[in-house]
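This report refers to the structure that appears directly beneath it.
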Amino acid sequence: MSNLYQKRKLTDKIFKVVFLMFIILALVVLAALIFDIFSKGFVMMDLDFFTRFDSRFPEKAGIKAGLFGTLYVIGLMIPITFITGTATAIYLEEYAPKNKLTDLIKLNIANLAGIPSIIYGMLGLGVFVRTLGLGRSVLAGSLTLSLLVLPVIIVSAQEALRSVPKSLRNASYGLGANHWQTVYKVVLPSALPSIMTGFILAISRAIGETAPLIMMGALTFVMFTPQGIMDSFTVMPIQIFNWTSLPKSEYELVAASGSVVLLLILFALNGLATFIRYKFSRD
Amino acid sequence: MSTKENVLEIKNLNFYYDDFQALNDINMDVKENNVTALIGPSGCGKSTFLRTINRMNDLIEGSRVAGQVVFDGDDIYSGNIDVVRLRKRIGMVFQQPNPFPKSVFENVAYGPKVHGVKDKAEIEELVIESLKGAALFDEVKDRLDSSALGLSGGQQQRLCIARALAVKPEVLLMDEPASALDPVATAKIEDLIEELKEKYSIVIVTHSMQQAARVSDETGFFLMGDLIEFDKTNKIFENPANQKTEDYITGRFG
Amino acid sequence: MEKNKESSWYAVLFDQKIRYMNSKSSSNRWVNYVLLLATLISVFTTVGIIVILVSDSIHFFAEVSIIDFLTGLKWNPLIEPNKSYGVLPLVGGTMMITLGSALIAIPVGLGSAIYLTEYSSRRFKKIIKPIMEILAGVPTVVYGYFALTFITPKILKPIFPEIQTFNALSASIAVGIMILPMVISLSEDALNSVPESIRQGAYAMGSTRFEVASKVMVPSALSGIISSFILAISRAIGETMIVAIAAGMRPQLTANFLKPVQTMTGYIVQVSLGDTPVGSLEYYTIFAVGLLLFLLTLALNIISHWILMKYREVYH
């Protein structure tokens, strides 16, 4: 009996080590990734990297086009998705009648969140670029990415609204406020930090998106910055993709530089979201 | 009347959740084949105390124990006692029935299987024996493979008792086992406790003084982490030595 | 579990008052409409996707039979001569990458989740969680770059000298790492939703941590865990940039992970980057493949949801 007992303890210990190794493995991979990219990325990078356009000569290549393209596309996206996403979440959580139709809409949104991003590219191509005649413009790109991240924003905003305590709402009603006043003045402000966190993370995702924009026609070799929302454009991830695909081995370093810039921006956003989450969590 | 041996000796037990001291210098001897009841108002530490006996508090991060709980000659908090073995010998039934989401049979078979019983016939025998011991067999014998979650609250609790009995413990800890049950189911549990004490030593936490008076041989009164009084049940309820005990018994507080 | 007796009389009254106010106030109705409009966008998105995929696929299936498409073993729609439109090599490529990534992400993910819920301390969790979020936030282009410039030459080539620059294995590994945080997070949620009382009951029986995890916790959370696996697989199927960069552009039916393959998503990107004229058969191949991709991921998402709903363990 003692033999079996030792075996049980041993099994427990072995799996503890194995599972811990799994976690360590993930950490090691992340460390390798960051180390590899950052060490390659700083070889050729200088401040001019941000002010130069792409070039046939790797040492002269810069990320200016992608940087501005990203700024334009994402900048346009932010108000569109924030307002639409939050409004939809408010409707679904606060106003929609609890019937099968609402359930269907919620199910639909959950499904949309799981559709591959490249399909959104096809949607953007068919609807925005062609049918609405927006061409391969910043506007079309923004709208496409907006549709892509909207389901994620909606779901996370819904959860944020749901976790506002009932006592807060009841206090508002008790003072004679109507539904909209309660939502607007009490529920929304309370849920706002969570909504912001989810929103920032969704935007981070959009910044890294490549496939849908390629699909709807963002260009890969671009020597200009967009001047208006109807201009064509490229974004940072596409430039990185382009550099990765080029045969000249120095471009590998340029791609790393681009990746460094992209990663730093994303880390900053991630940090911002975490900061908001901690600063405003009272529990 | 033969004098009973001590099955558990608690000496100078102090317990802390991080900085908060939940138990202050508890000393108690639990006798074999007795039903020992622990009473006291909410938050007095009786459940915490119960959980120190089978080291369930180890699961809570930040918990600390000072003092000794002596079982079978060893302090269970000393280095050479293994918690897994300990919990086979000291079983527990919880306040809320918590059957596993498995069949009735698998619930009771879980303990024996985990502790090494491989023979199918032996397992089956153990399961039936334990279900009988928990006065549940007749009610479930036709539905051993159905989900345990489909039983009524009272049945689920008796299933949990059967599950605990299946590993053949020496001590059975019961944390308010009937508080989530209706009066009929409660009565069944109390009858069961009467039967069980012939084979097991039972320590039961209860918020019902009537229950303590009905089923137990000795009773301990806890208040704010202190063991105020511990004596034969008759004495506690008819002629308590401590004024605080009397106040609680007569309902002046709690 | 019996603690939420908050449905006291005054809360019920408030609910009724809200319903009344909702139906009467006119400013509320205006707000209602605006918000409803915002919601309909999600409906139009789904409709839009289906319309685009189906209508453009019809152009494709006017010239290539569905049978040939779904059962053909050669995919060569762009290069003369011998154009063929059998999608199976692309499906095969997708399946290889998905299988490879699942073989990594599922065991490592579930094991990590078990460690976090049964073995680790609070402090450890606090450190690991943000790191996992970072892992989840790395853009897929960067993963693709990492696969091509690090995993293949520095990790795989020493082990398999015959491996080609573009291969299914490095893409599988990278995709596996990409979906890993998702598996960990969802599995952890599933394990945490098992009532604490059941976990305590298992420990009280004298079980080791591994026994509690494997014999009680995982079986009790199974529907959530399986559902998370399926969602991760769906994500792997739809992954585009990692495979476009690292797996290669050669659609070939093979079981050899050391060779290049092309996935459905990789093909779509390849065509988009090229000069295929709009309205040509080659152009419409994108939509046929896209439709297949959409249906596959949709089916998986629905199955995942169905498993979660139907088999969700109900603890009262």
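Chains: A, B and C, in written order; residue numbering restarts at 1 for each.
We take it that a contact is a pair of C-beta atoms (placed from the backbone, for glycine too) under 8 Å apart; a residue touches a chain by one contact, two chains touch by 3 or more.
All values derive from a computational prediction rather than experimental measurement.
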{"item": "Smallest count of steps, each to a touching chain, taking subunit A to subunit B", "value": "1"}
{"item": "Longest centre-to-centre distance from subunit A, chain (CA-based)", "value": "B"}
{"item": "Between the pairs B-C and A-C, the one where more C-beta pairs touch", "value": "A-C"}
{"item": "Chain closest to the middle [Cα centroid of all protein chains]", "value": "C"}
{"item": "Averaged-CA centre spacing for the pair subunit B and subunit A, given as whole angstrom", "value": "52"}
{"item": "Intercentroid distance (Cα basis), subunit C paired with subunit B, Å", "value": "47"}
{"item": "Distance from the mean Cα position of subunit C to that of subunit A, given in whole angstrom", "value": "15"}
{"item": "Contacts with two or more other chains, residues of subunit C listed in rising order", "value": "208, 211"}
{"item": "Multi-partner residues of subunit B (at least 2 other chains)", "value": "84-85, 114-115"}
{"item": "Overlap residues in subunit A, where contacts from two or more other chains coincide", "value": "8-9"}
{"item": "Residue ranges of subunit C in contact with subunit B within the complex", "value": "1-2, 121-122, 195, 197-198, 200-208, 211, 215-216, 219-220, 313-316"}
{"item": "Subunit C-touching residues of subunit B, taken from the complex the two chains share", "value": "54, 56, 59, 61, 83-88, 91-92, 94, 96, 98-102, 110-111, 114-115, 149, 160, 163-164, 167, 180"}
{"item": "Residues on subunit B engaged by subunit A in the complex (per definition of touch)", "value": "82, 84-85, 114-116"}
{"item": "Residues of subunit A defined as touching subunit B within the complex", "value": "1, 4-5, 8-9"}
{"item": "Residue ranges of subunit C in contact with subunit A within the complex", "value": "6, 10-11, 14, 17-18, 21-22, 25, 27-28, 31-32, 34-36, 38-39, 41-43, 45-46, 48-49, 51-53, 56, 107-108, 111-112, 114-116, 119, 128, 130-135, 137-146, 148-150, 177, 180, 208-211, 231, 234-235, 237-241, 244-245, 265, 268-269, 272-273, 286-287, 290, 293-294, 297-298, 301-302, 305"}
